[in-house]
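Two complexes are shown next, each including chain A; its partner changes from chain B in the first to chain C in the second.
On to the complex of A and B.
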């Protein structure tokens, strides 16, 4: 200890004039002790395979890329018609068109909302059943299997095959089809959030004699809830797009309007409808993204940090003189 | 109060955590366990509340034999054996009060704890526990807004809310700076004195062990190799526990000397 403290950092006498003037103990033969750089072979092969798959997939689609360049002439024509429709002066009739597009879009949003709520209600318990750290293995395997089947089936199939015979093809059928299909993805994402939970609070709750239900309520839920809400909201955004597509098949909402308009080639109204879809979707996406950000990252970050710094300086644990024995 | 007779712990992987531990800890004792990392200190502590099940021998806490196979019995045992951890293990997104009320879970019906509808007397107990560690003013703050020392004191309050007969502390101050560490240990010591709660603490720091313990237990390789009043835990005795000089890490290795 004493000789190392007397060592001066600058200008030490290095016998032999070695290339490392700052450290007296440095010896070139120490190089032998350096670890060999780990192989990246696996990583590079994976990258290569990914590239091959990508190129193969592109060529397998068999798309005629040449046609992409020469846009069909009538396409330009349609866009012009749509543009004229959007730009036309707001006569009473045109106003009616905008309003009906907006009404239909609202119905689509409602369908998406009901679907999301249904999915959210079921996804929380299903998420726990599909989380490896919460559920015994046999049940976990079964639930995971059911969920992956649900995820594999497109919403449209749910709407036609299951809901049509029961409710007829309408807004309710669309909403429930979206709900079921939401359960699949939501539960999977929630189960992953549950599996990633910090084990510490769980252990301390277990050590104080809490039951499984109490541990879920007070150690798991508080940890995952922000993430769960964000997942639900994101699914709502996805469901809005999906409900528009379901509408084309007759499940009501903006999709139904759009398919009716396509039927009569009312390009001006199609333009108006598309603008409404895009604007409403963007607005809802923005609001939802803002809420998700708030929920995940917490609102008043600056205040919390300031409070912690304040606390660090005092924090002396002097108990009150007359504390009752417990 | 706590009696180990020839207790073995063999982990599922085959690693032997405890080897033939014979130990009696009396009510109200403040015991500090020392030993190198991996010596079995944590295993010993976690055996007492069944977080680690023992595989042979017999362990009694109070009048009851600890039965790792019975979930109900283990839960009842844990309700009277509080535990605090190196990393505090608070739920950082809920309030300090709700963290302390987790200590009341074992005596609260499921529907009440699901709704967060604790009885008035449970809340009163939680507040008194917070007062005892001098942190009641933070009751409605989020736990994440507290410093490390404060979080550990909340963890002590949570344990106190259990109204325990035994407190187990697994490296409670290992992630705290020295002054804060002393404050936390003083709290534990004071609670041990005032309420007569048997307290068993794992510690790495010898001076702290000597300052606060009534009795020191030394462990090596899963066995108890030293057990005596704090006066007997001399440097020589602890070096015997560690099987190496207390300052071994300070000595410069041969190759680095010049």
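On to the complex of A and C.
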């Protein structure tokens, strides 16, 4: 190490230069020593604390870890039963099982969609009210607080506390509960998109004497719309999973079917239902991901240039430079 | 807006979208309205003197034409307008499928009001009586986050083409990840409760932890996988140039880049776990949810209300703490 560094010329005159022996023996001084590795003490302490918390948590759960021993056997057992259920020949009865699973899954998708639409309708205005650059401070603080409370409350709470008493057990109550709880996340993400808009169009709109509404319409909406649509679609994917949760309470859809099937341990039908859930969810995720990508990144490569020219003065189709997929 | 008369080159106008495309859209709209008429199950009718028309399809038709007119005026491209029509169609399908109506809000409000009143009067003493269940819930969330996020990181590494040993491995693991992700947390809860036994059998916590772990793996593998896909390629090339093995490359070039994002996702998953454990408890996995389930079956709404207030407070605290940590990390 030292022989290689002795060949390199020292550009800046070092303060301790006089102590440097001139007889060929090179002694590195402060300035050309290798940089010292920064201390990892804080990092290590954090890791240690994490480890302690983890071990304490393992003992605090009071879980019976011995039961893990019998899990693999049970799993093989039940998965075989489920597999047999999926693979059994399509008699009229089995066909009925597949159809009822599919119908229930579609109902879950409907619940999720209506919930997302309800949330989306409220989230755009709420997003503007929760964006610091669009709203006076007092209103902003109030709206932000309401949103963070909505986000903290799980959707199941809305379902039990507000929707079930009034709307009764059913898909409608589930959809409205999802809708209300969607407002929190959607508005927060949208408000962040609004706060991140490019200031240029806003300034030019203001300079040309635009009113607040005109500024929103011509300077803000065109910039955020692709991102907003992506946020809505993303929430739709989340809501499909959440609607299963509400189904267990009796809000209909795939959750109700699943909990009924688990109640009677009908493993063959459980297998069929799980396959339907996986397939439908993956298909919808793929479609949604494709639309999100298309909306944010615009048309595929060869059309992109033409599309940009076409959409130039309108702006609705032009993705913001900083847009990122969620 | 009145523009002053300027002779100089006229302002460039965006051309109207092709009329032929909009004619096609009009045909699609008519098809959509026929679908409304066909699928409408409501018997509500609109009396316009000469004839009686079905109410909801008429409203739907008005909506369709309004959206088309708006798109034409805003000079939206035909594809976007088609998307808007599709949204209306799907919303109609969903709304009629679940029987969407807001009428219960004013018709059945009296029926629900006593229950809501009970919710508005929480029994504060109950909050402290179930503190041990809170400890269990938090501990379950910690354990599940720890295990789930570790496995999730491994799967994300294997799934991303950047850090995966080979393309087949990456494709296979990606498929596994999407299957894991597509089953909702409640599905895992029911599955593990059925396999191990629920709270009644004394295995509720174990089942809950396992369900949360699967739930976490799905989320972490997805989010972290996307982060790995978009890492800076420079360090990767440098690692390759120095002849590092795949493991060394992942350790030195990939991991440091994704660590801030990964830690932040892990904290986010931890928050999700607390919310999810409420749901899991209702199907028989342990934690605070089992208490809610018991109170729900006794129709003891003021106790549930107390638990839910405590839940909101716990979630807000965890939210705040993790936000502070995330700010320091990233």
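Note that the second predicted complex is superposed on the first by the 227 of 326 C-alpha atoms of A that agree within 3 Å, B and C clash if a C-alpha of one lies under 4 Å from a C-alpha of the other, contacts with A are read in each partner's own complex, and residues count from 1 in each chain.
Throughout what follows, a residue touches a chain if its C-beta (ideal position, glycine included) is under 8 Å from a C-beta of that chain, and two chains touch if they have at least 3 such contacts.
Keep in mind it's a predicted model, so treat the numbers as computed, not measured.
Trainee: With the two complexes superposed on chain A, say which partner A:84 touches: chain B (first), chain C (second), both, or neither.
Mentor: It touches nothing on chain B or chain C.
Trainee: So, does A:109 touch the first partner chain B, the second partner chain C, both, or neither?
Mentor: second
Trainee: Which chain makes contact with more of the residues of chain A, chain B or else chain C?
Mentor: C
Trainee: Between chain B (first) and chain C (second), which, if any, makes contact with A:62: first, second, both or neither?
Mentor: In the superposition, A:62 contacts chain C only.
Trainee: Kindly classify A:211 by the partners it touches after superposition: chain B alone (first), chain C alone (second), both, or neither?
Mentor: first
Trainee: Is A:219 in contact with chain B, with chain C, with both, or with neither (first, second, both, neither)?
Mentor: first
Trainee: Just chain B (first), just chain C (second), both, or neither: which does A:241 touch?
Mentor: Second partner only.
Trainee: Identify the partner contact of A:96: answer first if only chain B is touched, second if only chain C is, both if each is, neither if none is.
Mentor: Neither chain B nor chain C is touched by A:96.
Trainee: Taking the superposition on A as described, I'd like to know which of chain B and chain C A:201 touches: first, second, both or neither.
Mentor: First partner only, chain B.
Trainee: On chain A, which stretch or stretches are contacted by chain B in one complex as well as by chain C in the other?
Mentor: In chain A, positions 311-312, 316-317, 325 sit in both the chain B and chain C interfaces.
Trainee: What residues of chain C sit close enough to touch chain A in their complex?
Mentor: Of all residues in chain C, those touching chain A are 12-14, 74-77, 80, 83, 90-91, 93-95, 97-101, 104-105, 108-109, 111-113, 115-116, 119, 135-136, 138-140, 142-143, 146, 178-179, 182-187, 190-191, 193-197, 202-203, 205-206, 209-210, 226, 275, 278-279, 282-283, 286, 296, 301, 304-305, 308, 311-312, 315-316, 319.
Trainee: Sort out for me which residues of chain A touch chain C in the complex.
Mentor: 53-54, 56-58, 60-65, 67-68, 70-71, 74-75, 78, 106-107, 109-111, 113-114, 117, 148-149, 151-154, 156-157, 160-162, 164-168, 170-172, 174-175, 240-242, 244-245, 247-249, 252, 255, 258-259, 262, 265, 274, 277-278, 281-282, 285, 291, 310-314, 316-317, 325
Trainee: Give every residue of chain A touching chain B within the complex, in rising order.
Mentor: Chain A reaches chain B through residues 1, 4, 24-25, 200-201, 203-211, 213-214, 217-219, 222-223, 225-226, 304, 307-308, 311-312, 315-320, 323-326.
Trainee: Provide the residue numbers of chain B that touch chain A in the complex, in ascending order.
Mentor: Chain B reaches chain A through residues 49, 51, 75-79, 81-85, 87-91, 93-94, 98, 102-103, 105-106, 108, 110, 113-114, 116, 125, 128-129, 131-135, 138, 141-142, 144-147, 149-150, 153, 155, 158-160, 162-163, 180, 183-184, 186-187, 190, 194-195, 250, 252, 256-258.
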